[in-house]
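For reference, chains read A, B and C in written order, and residue numbers begin at 1 within each chain.
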Amino acid sequence: MTTHGTFGHFVVGSLREVTRGGLLYWGWIAGLLVLVGLGFVAYLGQLDDGLQTTSMRDQVSWAFYIGNFTFLVGVAAAAVLVVIPAYVYHWKPIKEVAILGELLAVASLVMCGLFVMVDIGRPERAWHLIPGLGYLNLPSSLLAWDVVVLNSYLALNFVIATYVLFSLFRGRQPRGWIFTPLVLLSIPCAIGIHTVTAFLYNGIPARPFWNSAILAPRFLASAFCSGPAVLLMVMQLLRRFTRFEIRDEAIWKIAELMAYAMFVNLFLLGAEVFKEYYSSTEHLIHMRYMFTGVDGKTSIVPYMWLSIAASVAAFLLFLVPWTRKNVVTLNLGCLLIWFGVYVEKGMGLVIPGLTPDTLGEIYEYFPSRSEFLISAGIFSVGFLLFTLMVKVATPILLGEFRVTPPARPTDGATPAEAT
Amino acid sequence: MNEANGVSRREFLCAVAGCTAAAAGSCVDVTHTPFFRERLRELTPDELGAIVARLADSYRERYGRDFEIGTEPAQDGVEFAYALDLSRCVGCRRCVHACVEENNQSRDPEVQWIRVLQMDKHKGIDFAHATPYYDPETVPEPGHFYVPVACQQCRNPPCVKSCPTGATWQEEDGITVIDYEWCIGCRCCISACPYGARRFNWADPAVPDEELNTRTHVLGNRPRPRGVVEKCTFCIHRVRQGLYPACVEACPTGSRKFGNLLDPTSEIRYVLEHKRVFVLKAELNTLPRFYYFYGT
Amino acid sequence: MEGYVTRRTTGPLRSLAVLWVCLLSSPGCDVGAVHENDAVSTGFEWPSSAQLDADFHVPRPPLSDETFPCSDCHDPEIPVNRQRRELQMAHTEIQLRHAEWGRWCLDCHDAGDRDQLRLASGERVPFEESYRLCGQCHGDKLRDWRIGVHGRRTGSWSGEKSYLLCVHCHDSHDPAFKPIEPMPGPRPPRRTP
């Protein structure tokens, strides 16, 4: 069969896969599409009126969009890092875990790109960032580095996932000598994207709240909490609705590793809090703004305490073996840590870093309606993309969707065993 | 960017913009349009002339006024610096408003390149307790002093370092400028600037047509589009013609001093030699060309 | 006197020296002239008086036709009254707040020629050169003013500049700079709902 024919078959088959689903599936897709539509309309408004439709001002000139971007870089990084335990502990469905991680990374990076695009003042000039065509200010600009590493990482994950899925689709086993090095390469790259993103903030001495050497480690620690939380929930869903074989032990092991990450995350936060409050220099004001408010300006304070409470609660749930292994408390913990890290990165990193501003002014930022709508729209694009990719990938991984309809496996074996 | 790259880039853009290029004339012209042109600092004088002519046309169309858009380059042997006498400044904000008018800053939404901070005498230079929003009947208010802050024209500018597209750079005479058609509006420079000197156009800048200053410089006070960053350029359109910046001339107390750092007889050199000066946030090693001093 | 100055004193010491020279020297003392020979060790070249005069022009003093020439009213025939007293016939608006404990009108205004001012040395100076009178006490200010560091300058940083006289900004009888009305402050940023 020609490659062309194979590809045509793949497209048709994929379309068949994504249009096949129950009420729950269609409800989910429809809900996401509605949010995408609302976000798109809001974005048209932003294009018409400029970024004044956001609550960002010169005093707080990066905010919700960039906070979401930062959080999602963490998700993208950590999704792939889940591969590490899969290798270390020789799990059977390693390829499935890896592919799911790659797909989540791809979806997250698409959202990252969209969040940057909606944040910049002249999106039509984004081509200025393409080396050769435009001008990328390397090596001095950290955002330029971020553009390079994020796009490389997106390409890498896209290539791995496409290669493996298309191989399986064509009824061939992906070659280990291609697959393994690429997956292994993606691990340092995952650490790299989050480190460079941390350095984007870290490298700004004008903002003492960010100019702390443990910022990159904190980024990684929090990413190790939030990224796997998504995967844990996705794995449980797949286990329930498909023939995916994911053993409890694998899930518990990931949860256990997350507990360590949560501890490190809280410990690093504590170290930061101690340093600021004990030394009590003029730089303390940013942390005070975050935890207690300054001069009666307290609009983000409740969110920060909620975030810490959620992170601590999740840590305790994951620390105790019984709650870690209980389906209800496990998923509650996943939601709590997702919320905790999301608020910490979305609001707790960017806003206090810029408040008070460099001349001491406190402008109380809170996202505008338009920012919420556009962000929800972008998250919906990401979830939609991830859903569709998983919808196509799952039957391929299970060997149910192939170029030549396979004989139903009778021995219950999954292709994973071949690795 | 080397010559080979420049050519290939141009060819690429021609391919991308094939239709518009055909309509506009020759292919090379495409890179002279505001959208497809190269960065201003890479243009030859001829190309810059062509760009400026097009800009003037578009301004005439848009504002109904003839703009004079200067392209004077930095002069040899000139490095600008500024000094501000904190013992004299009374915080009257004449400089702020002179700057707004001279440099076509948006009136609504309000964009102001100079921020005058009121500080407590017993606290010294302390941004945490400063405010730009003081509003008494008369200034100076007892117990307070005033620190006007604008772009410090750093020798080691964090904004230039952070810009991902190279849309902002330091000229030979020390002025950090912005290419308004190259800036993508990512605001990295705003985060990086320790002096809050950079302003973003959150909406379309609005200046009443009759209040426009039509004497401009391509790197300075010409009308800006929405979605890009702007800042003080020491009135590049004035100082490159030998004039003082508008704020210097507007200051009723004569607190503002400006001149050529490389000229030993300039008043700026006199200040450095005879007064004790300091710079804001010296610990950040930005090495400002904007000095503060106490004349008395 | 020249010998004293050419010791190349610098900084505050030199300004004291300038003041000292002015106070003690014979009529015709000119601060700029003193410095013509004063090569400063820091490498700073002091412009000569001639250069200064060429470089800037000083506007006319703020005198109105109603008040100037002073000799329109101050008839030389009227006997000179040097007594410190409350003025009742004219100039009642003048409140002297300028070292008033030790000074009276004729310390600065020349009794013999009311259209001129008078230095401590007895030298008469026209109102156009009133800065020389001020500089007798405020030598450091005069020095800073000449170079352009005290007071407002307009024009060209590299060429022709305009100065203001001391009295354009300071009321000579009450020289402290008066509070002025500030222009409007910035509008605080507002959130978009």
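Assume a residue touches a chain if its C-beta (ideal position, glycine included) is under 8 Å from a C-beta of that chain, and two chains touch if they have at least 3 such contacts.
As the structure is a computational prediction, the values presented were derived from the model and not from experiment.
Chain centres computed from CA atoms place C at the largest separation from subunit A.
Put simply, the chain nearest the middle, going by average C-alpha positions, is B. Two chain pairs are in question, A-C and B-C; the one with more C-beta pairs in contact is B-C. Taking each chain's centre as the mean of its C-alpha atoms, subunit A lies 38 Å from subunit B.
Here the spacing of subunit A and subunit C, counted between their Cα centres, is 70 Å.
Separating the centre of subunit B from that of subunit C, both taken as means of CA atoms, is a distance of 36 Å. Residue positions of subunit A with contacts to 2 or more other chains are 52, 54, 57-59.
Taken residue by residue, subunit B touches two or more other chains at 115, 132, whereas all remaining positions touch fewer. In subunit C, 188 are the positions where the chain touches two or more neighbouring chains simultaneously. Within the complex formed with subunit C, the subunit B residues making contact are 85, 88, 90-94, 96-97, 110, 112, 115, 132-140, 239, 242-244, 248-249, 251-254, 257-260, 263-267, 269-271, 273-275, 295. Those residues of subunit A whose C-beta lies close enough to touch subunit B in the complex are 49-52, 54, 56-59, 61-62, 116, 119-126, 128-129, 132-137, 140-144, 147, 200, 203-207, 282, 285, 354, 356-361.
Put simply, subunit A touches subunit C in their complex at residues 52-55, 57-59, 363-366, 368-370. Listed in rising order, the residues of subunit C touching subunit A in the complex are 188-189, 191-193. Residue ranges on subunit C touching subunit B, taken from their complex, read 11, 42-45, 47, 144, 147-159, 164, 169, 177, 179-188.
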